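Two complexes come next, and they have one chain in common, chain A, joined by chain B in the first and chain C in the second.
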Partner chain A sequence: MVKVYTIQSCPWCEKVKKYLASRGVNFTAFDVEKDAAARYACIKLTGMDGAVPVVTADDKTYVLDFDKEQIDKLLGI
Partner chain B sequence: MAKQKVHKDVVIIGAGMAGLTAALYAGRMNLDVLVLENGIVGGQIANATDIENFPGFISVKGSDLIGTLQKQAENFGAVVDEFDSIVKVSLRENPKIVETEEKIYEADAVIIASGMNRRKLPLPEERKFASRGVHYCEFCDGFMYQDKIIAVMGGGNAAVDAASFLTKYGKKVYVIHRSEFRADEVSQRRIRQNPKIEIMLQTEIKALHGDKKLESVDILDKKSGEMKTLAVDGIFVNIGVEPNTALFKDELKLSPSGRIIAGEDCKTEIEGVFAAGDVREKEIRQLTTAASDGTTAALLAEKYLARLKEVV
Partner chain C sequence: MGIYDFTVKTSKGAEKNLGDYKGKVLLIVNTASKCGFTPQFEGLQKLYDAYKDRGLEILGFPCNQFAEQEPGTGEEAQSFCKLNYGVKFQIFEKGDVRGETAQPLFKYLTAQKKFEGFDPNHPIAAKLEAALKANFPEYLEGDGIKWNFTKFLVDREGNVVKRFEPTTDPADIAKDIEALL
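== the complex of A and B ==
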């Protein structure tokens, strides 16, 4: 499952979600500001508290920020 | 694989107020319009919380205003692509070439409305601490600094508003600026009354320190000449903006400040190429004048295209 860690006020988080949608990727978005378990999972993944947007497909590798090339590589799109 | 070639009547570079207004007008004139944006749709106002000087609104959020404008433009057929970045342009030929990572657009007219980017922190350590203590988007990265010590660098409205916003997260927010405030009185009063904010004017950040992430900054008190080290977890840089014209520097005349030289008719030195909004060299740069430029550029682009068809 593709996961996107975001916060509500972040325009780059919106851009990542719109990009994935435009490429037909099914994903679940988690708001780390409101969801403590998601925040913990995101910290565990990146080692950084609150750094978003983060995209992951395997909970091991991830892309931080809107980096189209890296997102495409990560998800094989 | 060779890139696909696509013809457009008008390619608009930038989806801020000027670019989207141009798209709305050009779309309404039945032109085939593409808007390319490689940052955030809305540009500098995308995150503005209370716009109180746009006619017709008592107060409006930047995202709402720009969202509505984008829908208006799209309703008239304009297409906004915010995922494909321009790699080069060739404006002196006809049609004009706008090459992106994915396609080659052949455009009869081009409207440049690429706006401004935030100026980077001019210190050699900037790269080391980028996203690890040095930030440019308080809305994106402020959440990283819950109960931490934050510094906002800058003295304009954007800096002062960023400081107010960041008090939502930080336990302490310094506002550090090398001279006096340029922010308006209302915004200044708001931060002066906030107990979490400490204002340090006539103060410069001279160096950044930290191992893997930012831990402290050296600051110079310009009045006393005293240097000291301040423990800071994150800096949000708001020291102004610079025109986004790197793509055009070999094609168009730029002013000493790096903006495109074009008259009030938005016409550049190249026929069929227009500059609109903050990227154009002009005295007044407001949201309303960006909308005005977008209107002018689109209407005159349509006239140019009509003449072009007559010649053919």
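== the complex of A and C ==
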């Protein structure tokens, strides 16, 4: 499952979500401000607290940033 | 109408009368909500740590009006947002700070202290000005707030004594704060 960690009022998070949708990627978005478990999982993944958007498919490798090229590579799209 | 006549809302939705801050030195700042010119959050927190026991209060007003554009923050490549968990000073409800929809407090502050230009020696000044000219030329006109982290210093009697543009780092305000404490 592709996961996107986000916060509200984050333009880059919106861009990532729109981009994934435009590429037909099914994903689940988690708000790390509201969801403590997601915040913990995101910190564990990136080592950073509250830096978003983060995209991951395997909970091991990730892309932090709205970086289309890296996201394409990560997801193989 | 003075600064103590304004009522604002905290980030948790509670009403706060600025009259509660009578006798304090205030630094009122429009902050980036989450993204944007965020390194100044850290500098503001340092000021707060250094002077809060002597009577400084920092009041942060998050605003999204400048959020999506990132001219010359020194982190041009950054296209992510970082929550500011380390901030201990008071943050108020998100709202507009410029234009017709600006909160009354910011209309008052910008009427009290006019825009006198950016500090051309600051590393972001040229980039900020160029980005504004290219994207929001109207922002450069008049005395409205130009960008995130415009700072207004208020003395213990409620007088707005000084305005600092985003091109003044918080550390460089320390001497002005000390003079009022």
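The rule is short, and it goes like this: the second predicted complex is superposed on the first by the 77 of 77 C-alpha atoms of A that agree within 3 Å, B and C clash if a C-alpha of one lies under 4 Å from a C-alpha of the other, contacts with A are read in each partner's own complex, and residues count from 1 in each chain.
In this section, contacts are C-beta pairs under 8 Å (C-beta built on N, C-alpha and C of every residue); 3 or more make two chains touch, one makes a residue touch a chain.
From a predicted model like this one, the values you see are computed outputs, not experimental measurements.
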First, second, both or neither for A:49, with chain B first and chain C second: both
A:26 touches, of chain B and chain C: first, second, both or neither? neither
Partner chain in contact with A:12 - chain B first, chain C second, else both or neither: both
Which of chain B and chain C A:67 touches, first, second, both or neither: second
Footprint overlap on chain A, comparing chain B with chain C: 7, 9-13, 15, 32-33, 48-53, 64-65
Residues of chain B touching chain A in the complex: 40, 42, 46-47, 63, 82-83, 85, 131-132, 137, 139-141, 143-146
Chain A contact footprint on chain C (complex, rising order): 33-35, 64, 67-68, 78-85, 94
Complex interface listing, chain A residues touching chain B: 7, 9-13, 15, 18-19, 22, 32-33, 48-53, 64-65, 68
In the complex, chain A residues that touch chain C: 7, 9-13, 15, 32-33, 48-53, 64-67
